[in-house]
Amino acid sequence: MRGLMIGRFQPFHLGHLELAKIILRECDELIICITSLQFNYMEKDPFTAGERIQMIHESLKEEHFDLSKCYVLAIENQFNIATWASYLRSSLPKFDRVYSGNDYVRMLLSDSGLEVIKPNFLNREKYNATSIRKLISENSDWKQLVPKAVADNIIKFNGIQRIQTILTSDTKPTEY
Amino acid sequence: MRGLMIGRFQPFHLGHLELAKIILRECDELIICITSLQFNYMEKDPFTAGERIQMIHESLKEEHFDLSKCYVLAIENQFNIATWASYLRSSLPKFDRVYSGNDYVRMLLSDSGLEVIKPNFLNREKYNATSIRKLISENSDWKQLVPKAVADNIIKFNGIQRIQTILTSDTKPTEY
Amino acid sequence: MRGLMIGRFQPFHLGHLELAKIILRECDELIICITSLQFNYMEKDPFTAGERIQMIHESLKEEHFDLSKCYVLAIENQFNIATWASYLRSSLPKFDRVYSGNDYVRMLLSDSGLEVIKPNFLNREKYNATSIRKLISENSDWKQLVPKAVADNIIKFNGIQRIQTILTSDTKPTEY
Amino acid sequence: MRGLMIGRFQPFHLGHLELAKIILRECDELIICITSLQFNYMEKDPFTAGERIQMIHESLKEEHFDLSKCYVLAIENQFNIATWASYLRSSLPKFDRVYSGNDYVRMLLSDSGLEVIKPNFLNREKYNATSIRKLISENSDWKQLVPKAVADNIIKFNGIQRIQTILTSDTKPTEY
Amino acid sequence: MRGLMIGRFQPFHLGHLELAKIILRECDELIICITSLQFNYMEKDPFTAGERIQMIHESLKEEHFDLSKCYVLAIENQFNIATWASYLRSSLPKFDRVYSGNDYVRMLLSDSGLEVIKPNFLNREKYNATSIRKLISENSDWKQLVPKAVADNIIKFNGIQRIQTILTSDTKPTEY
Amino acid sequence: MRGLMIGRFQPFHLGHLELAKIILRECDELIICITSLQFNYMEKDPFTAGERIQMIHESLKEEHFDLSKCYVLAIENQFNIATWASYLRSSLPKFDRVYSGNDYVRMLLSDSGLEVIKPNFLNREKYNATSIRKLISENSDWKQLVPKAVADNIIKFNGIQRIQTILTSDTKPTEY
């Protein structure tokens, strides 16, 4: 049985990592599906799909996951949300169970015959990508909230400066 | 002569129905053009194009419209708005007159040689799709504002729960 | 129960009309779904979606169909064919049965729980849109193969000249 | 050496004109690249690409620029911003230097080996497209902020009324 | 009055140049509209939009055209051809007359109130982009068929090798 | 150092597998990039991206690759080929070396500073996806040309029947 977790992972944090561990305990294989493949260098989506794939892959590796049981993949967002479940199935290896605390995701998958599991997340106040991006932009105390491989790569990608530049630019990035 | 009315119809309400009646009195045939075909399961666009078509068709039927004089059709939105009038013409049967109280629509059609009529709407405060969606989310007193076929279908489509789920979800639907 | 027939209908011919009659005898309602909404003025797709909708609607009307039981709708083609069944469902009123002699369509809908019926077509050699377009381009004996409303509209739309111009143009239309 | 300046130019104003003059003093040729080609008739993008090209071309002409050294071109916006520099290069004549005061643009071009120059703008409070559009909508004192050719064309295009209609319409243009 | 000529210009040749001269004799200004902006590095479209713009601009310059009367612009192709005339108008400065020997273009513009002129081309057998690309790929006697600025730039862009590589590659470029 | 191999992998065969082994001997990590993510159920692209990812992942696993050193990822095709190298970089983890025997790919990456290596392929006549798809459609002797995991999955996905249905359908799939 394959278990699926879905997110933008901007960035992948310790709450996500914890969920990945839970899924691999309960399923044979894990799929981590990164959404919004086509977006990057924007306020809510600072990192490219390639960067996010690399950060997650290396996080799993440093935590000694058996990578032969893991898929880390990225997909584009769909405008026609009613076709989203179908798009997921065409883009990913066959999956049987979805882990999501989001009622909206649950609704979209409700007709698909998939099992949707509500996970017990780590402290959601603390492990929250929006607030982590804010901490990164202020360069204050964010490294403890993400896997070491994520922190190292954000530094390597000039991620702090990138997020600051996006936030402070007087022209909105989408205008270019 | 064919008369055209245009809207998202999220949902189709008694004000819209009244306008449809007026058009069929003044023209030979009626086109109801549903916009934003590609959007659904979002705050301002909860219902799919298929659901909206069905709700409008059944509303006309229960009101004893002569359906052989009516077209209920859906089209996608266009980014390049300057081509919108042309896109309308390529997607719909030939029409001669547009009923719209919207100055913006009037401007977009102004070079096209079409007659644009400003209709006398029913009470716009009351018959307003935005406030009807709000009432649906609170499940309070919305059924009297829409045709019976619309109310019945919204119940059948789990529309109340759908709108509530969209509104309360902590993740924005467009992120998936 | 709603029965669905699908095609490009370039143009709608007597074979299609016959199938529409069969469906309305066997189902409560009929959906005629026109594909390739976005294509027109091309060799295989000379007519716009709007023109095709109008021609089919008027054909049903002149044959005394009860239009309150009929939906004539157009949808765009999808690149990601694996999501096609899902796109159909989001774009059309709910349907239960699909009439198609095409094994490919049958395969695409096979996982959807829909009943797919193989219709007995009229003489397929004779009633075939490709050969009808060829006859139109030569202006020889095509009118007897389509409903009168289709023939009248093709004349009205300058369809013969349009098809001839597309075929003889030295530049391929897709280059513009 | 070709110098590049980039913007939406909604509308092109005297600050932009000044920068164009500076570039032609420092480089052999000038490229003015208009972004958001596909957007128009919207609050932040009232004018079409064609209108903007014409207004800028005529502004340069009335200021006696040597047009044989100038390119005025429009490009679409890209969703995948990480490919933007590459898209610029495929859409424009080869350029060597970019004039931009925007740190965000500088970041996007940083890996491309291009020289990015921070220009000394004219008074940015005064020469600012957002506030000029606001002044146009109020029809107060905007003509002195733009080249004469821009002012004349905005009048000719019914631009004042267009901006007012966009701003006051109760339906958002993107819904059509 | 502005006169328009339209083409892919892969590459711009002496027949095109001759037409540009004719238009500038008969009209006040000239627009050269390059189509298929988004295609390049393909068999029928080897050069990018930027390269084509540059080659045409420099050809006009070396032939002493008054560039203040010329627009050299690129646009994308449209799938929905019925909206093409409208897309042209939104993307280009206002034009009144189109020079085209193509009946297909004439048909698409026929409802637009534009004057369409059939030009007397130079020898079309000889001045033909398809056969010129073939000659380039064989590196035989093509330079005499294009303006000097085009020939020089094709050499500078490694155009001969590019076309050869595209033609001989065992994988079709569109697969990447 | 990461080495990259690119293809549609319809299907992944023993020649591809051999190349993957070579890359992992010469580089620290391997990226297998599957193109044409958005296409499936077509003659040249019968399998979905998800199916292809799964088949390749399982092939590497059964051949005892260290999956912690491997990325198996899918990307969409781009119309604007001149931006392809940039799109690759935004979609994949950072790579330094590309293995490709295709001169066209080499040309597209030539300006990017990447090392492009021409691999010694296994017998290309024999290990060729086009001829393998033909053999699958005839169900003759194809299993020996692909990894066991690929053969098993093609059976499980009803791939033989799928390819036969695509080939024999009288309507081209792209028309739906």
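We just call them A, B, C, D, E and F in the order they show up, numbering each chain from 1.
Please note the rule applied: contacts are C-beta pairs under 8 Å (C-beta built on N, C-alpha and C of every residue); 3 or more make two chains touch, one makes a residue touch a chain.
Bear in mind that the values here come from a model prediction, so they are computed numbers and not experimental data.
Touch-path distance (fewest steps) from chain B to chain F is 2. Among the remaining chains, those touching chain D and also chain E are B, F. Listed options C-E, A-F or A-B contain a single repeat of the D-E interface, assigned here to A-F, on the basis that more than half of the contact pairs agree by residue number. Taking only C-alpha atoms, you rotate chain C by 120 degrees to land it on chain E; that is to the nearest 5.
Between B-C and B-D, more C-beta contact pairs join the chains of B-C. Chain geometry summary: the mean Cα position of chain C and that of chain F are 36 Å apart. Inter-chain spacing, taken between the CA centroids of chain D and chain F, is 43 Å. In chain F, 40, 48, 80, 82, 89-90 are the positions where the chain touches two or more neighbouring chains simultaneously.
Pairwise chain contacts present here: A-B, A-C, A-D, A-F, B-C, B-D, B-E, C-E, C-F, D-E, D-F, E-F [touch as defined].
Considering their complex, residues 80, 82-83, 85-87, 89-90 of chain B touch chain E.
If you check the complex, the residues on chain E that touch chain D are 37, 40, 48-51, 53-54, 57, 61, 66-68, 70-74, 76, 89-94. On chain E, the positions that touch chain F within their shared complex are 38-42, 48, 161-162, 165-166, 168-171, 173-176.
Those residues of chain F lying in contact with chain E across their complex are 6, 8, 35-36, 77-82, 84, 102-105, 107-108.
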